[in-house]
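Heads up, the next two complexes both have chain A, just with different partners, chain B and then chain C.
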Partner chain A sequence: MLSLTIDEREVDVKEGATILEAAEAAGVYVPTFCYHKRLMPFGACRMCVVEVEQMKGRLVPSCSTPATNGMVIHTNTAEVRKARKTLLELLLVHHPLDCPVCDKGGECKLQDLVYEYELTENRFQDSKFGYPVDYYSPLIERNTNRCVLCGMCARVCDEVVGVAAISFVDRGFKTVIGTNFERVLNCEFCGECVNICPVGALTDKLFKYKARSWELKKVNTICSYCSTGCTLTLGIKGNSIYRIIGDDTIGVNKGSLCAKGRFGYQYITSPERMNSPLIKNEAGELVRVTWEEALERAAKGFTEVKEKRGAEHIGGICSDRLTNEEVYLFQKFMRAALGTNNIDHAGGFSYSGLLKGFKSSLGYAANDITLNDVRCADVIFVVRSNLSETHPVIGYQVNMAVKRDESQLIVASDKTIKLNKLAAVSLTHKPGTEIVLLNGLIQAIISENLYDKELVSSSTEGFEQLKAKTARYGFDYVEKITGIKEDKIRETARLLSQNKKVCILVSAGLGIISDDEKLAQAVANLAMLTGMVGRKGSGIGFLGEKCNSQGTLDMGALPHLLPGFEEVSDEKARNAFEEAWKTSIPSQPGQSALEMFEGAEKGSINALYLVGENPVVSYPDTAQTIKALESLDFLVVQDLFLTPTAKCADVVLPAASFAEKSGTYTNFERRVQKLNCGLNKLEGVKTDLEIFGELSLKMGYEMNTSTPDEVMKEIGTLVPLYTEVNYSRLGEEGIVWGSPNGGKETTLYGEKLSKVKARFIPVEVDEAMLEPDKDYPLLLLVGSVLFHSGSLSTKSPELDQVGPGGWVAMSMEDARDYQLTDGQPVFVRSKRGEIALKVKINKKQTKGTVFIPYHFESQPVNTLTSKDLRPTFVEIRKG
Partner chain B sequence: MIGSIIKHIWALLCGLRETLWYFLKTTILGKPITLMYPEEKWTPYPRFHGLHKLLRDDNGKEKCVACCLCAAVCPAQCITIETAENENNEKYASSYQIDISRCIFCGYCVEACPVGALLMTGEYELAEYTREGMLYNKERLLRE
Partner chain C sequence: MAGESSGKKKVVEKEITPEEWGEIDQIIADHRDKPGSLIPVLQQVQDICGFLPEEVQNRIAEGLDVHPSYVYGVITFYSFFTLVPRGRNVVRLCMGTACYVQGTNKMLGKLKQNLGIDVEETTEDMRYSLETVRCLGACGLAPVMVVNQDTHGLLNIDKAIEIVKEYE
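And now, the complex of A and B:
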């Protein structure tokens, strides 16, 4: 500890703190341009100069001078003020001062400081630069004339985002911030540079000239795309969102956002959004009706099927973008009002890693790490996860951990990804061989005696089976299957078993459908073996795709589990719910999404209720999906848009977007965070919560809850994990369930796994499954891309502009073999179907594979895939 | 005593000097100040605060750059502006409206304008038959 005096105030700070940090701790304000707490000190602007008694004769920049014991500092003497004032004068020599039309006006640091230092005239004069403005880059406008050369944009792009798309160009007076060869920006479009620029040199094009900053009402809410759960600050004027910014003082993301979160909000005001319920008339056309009629019809349809065939012939599938409260009401509606357990979400695939994998191995269907653990980890192991695209803000943490704190990164991936640049060990394996690789690692750790013997013997079971089953994964065998060499496996094994803070990160979701259950078990085996589960700061992050992937599990949108992971077949648990809901719940587990779709074809499911799900686009095997939907007697779809799925429905109910409702989401850390309603609902729509309540009433079952708050109170009484969750206590940081002290301790598994029964479950894969067919030589990899999440984001034109669909990525080698050039139209064909796309040659793609993103309606990749979790092989021919 | 009464009356007359002078000027010595409005119109003083006017520059282009400072400063909050970008990447007011029925004619908006685009004219005949008539849009404010 150091103690020093700043402006007569005593303050104690940690060793290594800078004077500026000490001043902040003392509550003394020092103006800065080039300092940001997320970045390394840079010392470029000299705005932060102070006087230090021990360093007489000069002014020192406080942001980059370490504090020492006994320092006496003055931050606001006449000399300091004079220096700062001169600096501002110099900055203004070339500054255009077009504040009236500058979108930064009103929140500009330069403006504020010029005002604060009462600069009314300038002693120095020179002509202005008159650099051309970059009007041509998508989403971001660059006006170098206004730049104060603080370098924060270039630094955030490199240090946080890990792209380094912009940097200082030229020297001396001519220095500007530019791209290479002055091309237009072609980057991740995260907008972090815009957010951090203290002046109006980098601005948000969507916000350009739309409003002034002081006119905007700020509402903090949670991003509705991925499961990171970033806090967004909506800028609202009238009843529209004008921009989204990150506030660096709040949220798990501390101000960082990705392109989806920052620019992907325009779907809310899309003219394509439905604003009236629709029902199918005799002619088979969807016509606009009132809510009364639509709900009446929906209730009648369900009642008919229920009476004619029984409640078990009705099923409901919801999206994991609903709030906790909505998911809870949805399953309550299905179970209590309709009387069926046929409930599922996200296609039934996306969560099996957590639910089946982790629950059987470790006892909880949840992660035990936080975003901060990732940032502070010593070793990060990324398996089957292109997280810089699926969960960009988690990617930023990995980037910072590696670049700033020298964490060791291991990347196991089937193609070269952004993270490979940072990796200490790159394990680029053959597609689909993750589990073999993990088994190989386990074998190496066991045979080299690197495992945590104490933990394994005291807190786990099944080690002997694991040892026996993985014994055959010797180095040669693993190399044959995965293509990874012995030395890399040894190195990884060594890194993972050092008894340090280790995080394993895996992505999941409808984009990457494979055998998640086995993958999760294999990862859990590795984690238990190396003792990282239950160790503070270590653990596994199985990253769900959508904003409420975790909460949807917690709230029991599952065929066999009630909210709070209670088995429906467990009489005691069921009784508690029956008593509270004043009805009976069937004791038999219901059908999963897959079974429902199969059942629809066979006639065992006759009515479906799809909420926010778009199976025609996002589930595998589109032909089967459509056939199933067509064989139904009755289909209700609830969504924002008239999706291809909604077009098949008998009743379509328009729902509200995340910005138009309140509620809670639970992110991948199990952090329950509050959504704050920013907009009035679009005329003609209702929130999902209202719809469930009203529909239920029409079916003769009253829910007794009408606001999210009331629903959460009910959840609190029935779900022990959520008793802590109370709207008045949620605050900006949310609450991590299962952790006392508001999530400050991650104690899900307890010290040394004391709270759970941990089991090793050996897993194997059918390696023959990966052999290509001779007619279909290329392995199809379906996945997500940076600019999209699910099919919702494609309704935001801006994201579509930077991340358009309609392409298939293939390796240079394959393109050469097939004599294809970039942009050439082709047909991609599998056993199930064929689609027309354009070739995109990607040198990072592995030979023998092609990649197609799954988000796009116009690019229905799922017509090629199958629901059986087996890889799909395709052929390509010129179109 | 008498002296003090005279002193007081004298003081009173001194105080009323201007008033009395106007009284005489508009009665015995001159003609009445009352205008036979509306037959007769009053000519306002040069700095009178009347109806606003948006100005054009020498090329006939609107001077207003849509900075919204006038709206921000207006204590009666009667200025509503919507802004947009024109084909030359410049900012302009896609809609500009003053609700004259709520305006208190303080003139702060004119003072706030950084480009001298807004002026207060001597126009004072602002009565209307409808409330809508009191809403002055950009076209009306840009009048010649």
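And now, the complex of A and C:
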């Protein structure tokens, strides 16, 4: 520790701290332009100069000068003030005083400092620059005339986001922040540059001329897109969101956001949103009705099917964008009011598959890792995860960990991704061969005696079987299947087993075949073997696609699990819920989402309740999905938009968006965070919570749904993991469930796996599945892209503008072989269907594969896929 | 030809030949996985092409997996990189304080007139490019001019013109 005196205040700071950091710790304000705690010190603006008694004769930039023991610092002397005032004068020589029409007005650092330093006249005069303003880039407007050259935009783009789409251009007096040859922005449109710009040089186009910043009510809430769980600050005026910003003092994201979080809110006020319940009349048309009629009809429909055929003929599928409270009530409604365990979410794909595997290996269907662990890791191993696109803010952490703290990054991916340029080891393998690769790593670690023998012998079982089963994954065999060479496997094995803080990150939603559960088990095997689970700062992070992927599991939207991961078949656990709910729950596990769709076609499921789910677009095999929906006696769809799925329904119930309700989401870290309601509900809609309550009442079963707070209290009494989650205690940090010291630590599994029963479960895959058909030579990869999440984001026109759909990505080699050029119309055909798209040549795509995002209604990729979850092969012909 | 200076700079058109593209790709491939290789790549590529036009920058950016804006930022920072073709001989006149008071400003006017080009322009026969620099650190020899790698000091206008003529 160092102790120093700043403006007569004594302060102790850690070795290596700068004077500015020490001032901050002492509570002394020092003005800055170019300093930001998320960035490396830069020392460009000289606003933060101070006097140091030990460094007499000159002013010292506090942001880039290390503090030393015994320093005596003055931050506000006449000389310091004079220097700062002169600096401001110099900045104002060229800075246009267009504050009345500048969107930064009211929250501009330059404006504030000019005011603070009472700069009423300027000793220096010159003409203004007159640079052209970039009005043409999407979402972001760049006005170089207002720039103070602090460089924070260029630095955040490089240091945090890892793109460097804007840069210092030219030098000396001519220096500007610009793009190559003054072209429009070609970037990820995360808006981090806008958020960090201290002046009005970079502004949010959606916000332009809409409101003054001081008129906005600020509401902090949680993003509804991916499972990172970023805190958003909504800027609200009247009953509309005018902008979203990141506040760098709060949230797991510490102010960072991606394009989806920052610009993807316009769907909330979309004119396409439903504002009245609909029911299907005798002519088969959906007509507007009152809530009373719609709920009456819904209750009657479910009751009829229940009485005529039995409760096991009804199924319910919800989205993992519902809040914990809503998911809890949804499954309670299904189990208690309807009496069925046919409950699932998000098609039952990916995340639950991954976590099912995890539960069987480690006892919990949950991660034991935080975002901060990723940031501080020595080694980060990314497996089947294009996280810079699916979870951009986690991508920023990886970028900073590697660039700033020299973490070693290992990337196992079936194509080149953004992370590869940071990677110490790139394992670019053949598609679908991750498990073989992981088995190869396990084999290498065992055969080279690199594994954690103590942990393996004391806390795990099944090691001998694992050893026996993976013995055949020698280097030659693994290379043959995956294409990865021996030296890279050896190096990866060494990095994983010989470092202290190791994180493995796996994304959900990129699987080619239904091997998510096995992949989870293989990853768990590797993690237990190297001892990276049950060690603080290390662990596995499965990254769910949606904001509440974890909470939806916690709350039991699964056919076989009750809230809190209690097995439905476990009598004791079931009894506890039956007693509290004053009803009986079927003891047999219900059907999964895909089983329900299969059952619907066969007649064993006759009614479905789909909440926030759009299977016609997002589930595999659209033809079968539609057929299944048409075979139903009764279908209720609850959503924000009249989706293609809703169009098939007998009753459509319009729901509220995340900004119009409160509740909690649980992010990938198991952090339960509170949503704060920002807007009054659109007239004519209800929150999912209200709908479940009212519908249940109509069915003759009363649930306590007065407020989300009350629901959480009920959850707390039944789910031990959520006992600590209490609204009065849910601060801005949220609460990480199942962790000691009120969420300060996260060792869910306990040190050295002391709290769980850890098992090695050897897994293998059927490699023959990946052999292409001769008529369909290309392997189809379906997944997410940077600018979208689910199908919701496509309703925000701004995201569609920067991330339009309608394309199929293919490699240069394949494009050459098929004689196709960029933008050329083609038909993509599988055994099941055909769609028309345009070619997008992507040099990073692996030969023999094509990629189509699944978000777009207009590009129904799931007409090509099948519900058996085997790989889909396609052929391409010119359109 | 009189050295009238128009608003737009005169740029001599030059295409990159297929052989040059081959060499560029080789340089990129040699440096692909080495950190901090952008500047050496730019130097070597400029040695081949003589300048760094947009399509070359884009090729380098893609090959090294960096954003084209970043490449452009580096190129525009360093005065030895050029976006337009330079002549066979680059004449750099020092405009630092010592040289300036010794008359390099007048010398520059005369050179412009003689060569028929403005600063940062190139003669049509590609023989000369004219540039200015801020200080060459040879103030004792002021006024100073550097042609290619050769430094010429203690000049006057006529001497400067004579020297420039010697470079083919």
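Basically, the second predicted complex is superposed on the first by the 869 of 879 C-alpha atoms of A that agree within 3 Å, B and C clash if a C-alpha of one lies under 4 Å from a C-alpha of the other, contacts with A are read in each partner's own complex, and residues count from 1 in each chain.
Operating definition for what follows: contacts are C-beta pairs under 8 Å (C-beta built on N, C-alpha and C of every residue); 3 or more make two chains touch, one makes a residue touch a chain.
What you see is a predicted model, and the numbers here were worked out from it, not measured in a lab.
Asker: Applying the touch criterion given at the start, work out whether A:K421 contacts chain B, chain C, both or neither, answering first, second, both or neither.
Answerer: In the superposition, A:K421 touches chain C alone.
Asker: For A:R490, decide between first (touching chain B), second (touching chain C), both and neither.
Answerer: neither
Asker: Scan A:R829 for contacts with chain B and chain C and give back first, second, both or neither.
Answerer: In the superposition, A:R829 touches no partner, neither chain B nor chain C.
Asker: Applying the document's definition of touching, compare chain B and chain C: which contacts more of chain A?
Answerer: Touching more residues of chain A than the other partner does is C.
Asker: First (chain B), second (chain C), both or neither: which does A:V133 touch?
Answerer: It touches chain B, and chain C stays clear.
Asker: Check whether A:V101 is in contact with chain B, with chain C, with both or with neither, and answer first, second, both or neither.
Answerer: first
Asker: Under the stated touch criterion, which partner chain does A:G178 make contact with: chain B (first), chain C (second), both, or neither?
Answerer: After superposing on A, A:G178 lies in contact with chain C but is clear of chain B.
Asker: For A:I166, using the defined touch cut-off, is the partner it touches chain B, chain C, both, or neither? Pick first, second, both or neither.
Answerer: Only chain C; A:I166 stays clear of chain B.
Asker: Could you look at A:R38 and tell me whether it touches chain B, chain C, both or neither (first, second, both, neither)?
Answerer: neither
Asker: Would you mind writing out the residues of chain A in touch with chain B in their complex?
Answerer: Interface residues on the chain A side: 99-101, 105, 133, 135, 208-212, 214-215.
Asker: Spell out the part of chain B that touches chain A in their complex, as residue ranges.
Answerer: The touching residues are 65-69, 72, 83-85, 89-91, 114-115.
Asker: Within the complex, which stretch of chain A touches chain C?
Answerer: 154, 158, 163-171, 178-181, 186-187, 420-421, 843
Asker: Provide the residue numbers of chain C that touch chain A in the complex, in ascending order.
Answerer: Residues 54, 57-58, 61-62, 65-74, 76-77.
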